[in-house]
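Each chain carries a letter (A, B and C) given by its place in the written order, and its residues are counted from 1.
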Amino acid sequence: MAYLLDAWYVAAWSHEVGRSLLERVICERPILLFRQQNGEAVGMSNMCPHRFAPLNMGKLIGDTVQCGYHGLRFAVDGKCVLNPDGHGIIPPKMKVRAYPLVERYDMLWIWLGALDRADPAAIPDFSCNTADGFRRIGGMFEVKANYEIITDNLLDSTHAEFVHEGVLSSDAITMSALKTIQSESTIWANRWCPNGAPAPAWKAAFDNYYKPVDLWTYMRWDPPAHMLLDVGVAPVGASRADGIWLYGTDVLTPRDPCTTYYFWSFARNYRIDDRSVDEFWEKSIKVAFEQQDKGIVEAQQRMMGERSFDELGPVVIAADAPAVRARRTLRKLIENENIGSVRRSAAESPLELLRRRHHSRAPIESVV
Amino acid sequence: MAYLLDAWYVAAWSHEVGRSLLERVICERPILLFRQQNGEAVGMSNMCPHRFAPLNMGKLIGDTVQCGYHGLRFAVDGKCVLNPDGHGIIPPKMKVRAYPLVERYDMLWIWLGALDRADPAAIPDFSCNTADGFRRIGGMFEVKANYEIITDNLLDSTHAEFVHEGVLSSDAITMSALKTIQSESTIWANRWCPNGAPAPAWKAAFDNYYKPVDLWTYMRWDPPAHMLLDVGVAPVGASRADGIWLYGTDVLTPRDPCTTYYFWSFARNYRIDDRSVDEFWEKSIKVAFEQQDKGIVEAQQRMMGERSFDELGPVVIAADAPAVRARRTLRKLIENENIGSVRRSAAESPLELLRRRHHSRAPIESVV
Amino acid sequence: MAYLLDAWYVAAWSHEVGRSLLERVICERPILLFRQQNGEAVGMSNMCPHRFAPLNMGKLIGDTVQCGYHGLRFAVDGKCVLNPDGHGIIPPKMKVRAYPLVERYDMLWIWLGALDRADPAAIPDFSCNTADGFRRIGGMFEVKANYEIITDNLLDSTHAEFVHEGVLSSDAITMSALKTIQSESTIWANRWCPNGAPAPAWKAAFDNYYKPVDLWTYMRWDPPAHMLLDVGVAPVGASRADGIWLYGTDVLTPRDPCTTYYFWSFARNYRIDDRSVDEFWEKSIKVAFEQQDKGIVEAQQRMMGERSFDELGPVVIAADAPAVRARRTLRKLIENENIGSVRRSAAESPLELLRRRHHSRAPIESVV
């Protein structure tokens, strides 16, 4: 499967990584995560170049990783620094790939693409996870489904009425007008739902919200699958400042074509010291995400089997507009990345340079 | 794998289908079964055309099926009749395939092929399941084996002596003469076994059959894999009317190349009010079918792996005659269906019509 | 996958095979093992040629195997000797392949290749398993990894320091000089480690070996994957005769590309009547082989997935010399076998014989 490689993927929540060796698989690449003695997090290939043992079966010796099979040691830049065997000669090719890793918003962001394009400024804003005045709960779970069909799920909040019946359902969402906005590669799927019934989860949390409310659910998407939800309720006709809301982090990291790491958090701006609200949302999320959403998208994946989404010819409805845009935007980025990569390898070939000198007016696309 | 599509397959026993949503997979097609409020059974595709969620995860609203993902509702003819989102516009392509379904002999028969050839008269006679004067027990179980190797098993009753030793075994069957009869696409595998020892199951049921009996086992096969067994015992030299017998329904519905729904029943003409006889046969069948036959055909399938039966070059013996005929008959029907389908699509093409006008003497087979 | 077929594979330890039917799968071929009434062991195909049922689901009748499906009986030479059905006609093709089988060193050696090249003299010497003056423990376990990556493991004893830390580890091994010797297709990987610390397992067994010792670990490899270990300790500067040692049998039989039967034994020349030493080694082996080695090679196999070892481009170090040689030697033998087999089939073709008569100077390799 083609993944977008020039992208920051969340490899882990900050608290998941410490002085032990953590294994993740991101876009089918084996990844090793750990922290140096100074606390800085490191991401590198988890496959020893000698005999392909997973490095996380070894151990940390200071800031080096010792393979658990034959004791080769690798520094944080991926270079082999010790071969305990014989004369200790280290072949030049004995190194693992080290990946750029940035710690931001309590998350570890890894870059799988070309080093010269690894710009941390491209990481989308998830500052709600570390902002003052918010109380956050969160976690990660694995879903046996392709990440794009989970994106579809998240970009269409009308599923709440059916999938999350009795938890997050509200027909005010389904009946509201959907506004799809795109700015460069960022897409918003916004629903403003005035004077409607709040979802049961909101009701349960607040007695005074049993009556109709103004309700909003705004979802922001950045490629490849990074979503930020702004969802809240306010008294009918009142301003947002009079209401309560939370920011949902929904970041999807593909493990392989049919498995996804789902990093989520809820950061709320109300009753931030009340642990019973934490518990309430943790319980609701467990039902809504880990049972209901997971159940439906995994069933969808089973129905699709090994066939691709496009091959199956989905029939789209109005509510799919943001998801369709997201799929197209991502497809285009992946295509451009492949064209760029062909261009680059072409540019590196002397024969091609010659060809281009003589045919400089030929459209570059013809190279592909 | 190529299945015969112009055929009635048993989708379920009548009692299995009610006002809840039942999922089956028939010839690799996802099927949804339920009953309308008036009791009429319905069979349709179980895959929502919008996002491919299995419709059985939704619910019945009157006689419509509501998808559990985004609430699209489908009528029994497969048309989408409600889109809860936004302006409620329903795209013309938003429909699922509804399959002809006939309830007969306490079974639900589904037609996967061309609508204009769905003639219920083609359903073979299994009236023993609903006939007066018979007591029936039955059920369904899944076998992890291709349906044709289960057909092989059922069309050769000599396996009883070895597979069902101590339950249904009788060397009278093995030593009897086999008569294979074919009339159009119906095949009989008949064994008349005079003056032999009855199988232990018959002995156990009737003290007076410890002595030699005349024994018969007649199996009727109709494509794709619908078998009716007529098996019984009578005093030596007496007429059939003096004996006791039962009709066995053995109908196989392929789920996929390696999984089969096995619908079975036993309808007997003796001690029809004696529940202990029910229990005796239920227990014997559990051993004979669900342990012994299932065990051997699943082991056979494991040995075959992904290789086809023909590819492995089976060495045939005389007892295989009916099974060989059944395989050939089914193969021919599937080939004809494919030729017909090529002919039909050819006929629908204006270019092909033109070609055929100019080459009308060309053998039609050349189209393939 | 290509296996070396002209080779003796260990199918079982002698004690594993008796008067019941044992199923093994060797180089993806289904194998049936049992003993005749006179005690002689037999190896034949486990797949009935009639309907492909595994013969081990049947039973022994004297020295014949009766298939559990339709009762066909096969003699030890693979010929069908009884068809219980009808007139009992036995088709000429109704036979299973019987394999040459030799019982030696308490092991059953099977030959999968051409009959005329099945020379028992080619079985490597594992007489330590039956020699006087030694006490042996042993067993077999299955590993979910390709047999060649287990060979790699066994031919490089430096893994002991890391994989078997606290059990068989000794940095004396890692620091010792490796001597790789090849004579025809036999390879030795020898390490003489003078004046070093013995591994914890040796220490635990002998109080007096807490001090430094002279240590040796000599591994002999014969294709396809038959290894004999000679490992021991002696007082520093003393002769081998003053020390203690054991011979390890490490014979690998591929089941399929990703599963291996690992036949092992340890035959020691000290305290041979002391059962507590048996128990000590059995416990150590359980940890070292079934947990540590199995754990690392199965993890390595998971990392490799369906990619081949060569395709992944391993970076080699000095300690890999014997393993690299073993891989090359085996590869060459398999290639020669394939060339030979093409030559033979060519030779059997009259057209080819004609061609060769007229082009007798053409290099035979051109046939391939």
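By our rule, a contact is a pair of C-beta atoms (placed from the backbone, for glycine too) under 8 Å apart; a residue touches a chain by one contact, two chains touch by 3 or more.
The structure displayed is predicted, hence computed values, not measured ones.
If each chain is drawn as a node and touching chains are joined, the picture has every node linked to every other. The angle needed to superpose chain A on chain B by their Cα atoms is 120 degrees, rounded to the nearest 5. By the residue-number overlap criterion, the interface of chain B with chain C counts as different, with under half of its numbers used by both chains. Work out the mean CA point of chain B and of chain C, and you get 47 Å between them.
Annotation for chain C: no residues touch 2 or more other chains. Residues 149, 152, 156, 158-159, 161-163, 171, 174-175, 177-178, 295-296, 299-300, 302-304, 312, 314-320 of chain B touch chain C in their complex. Across the complex, chain A meets chain C through its residues 30, 46-47, 49-54, 57-58, 66-72, 83-87, 89, 91, 93-94.
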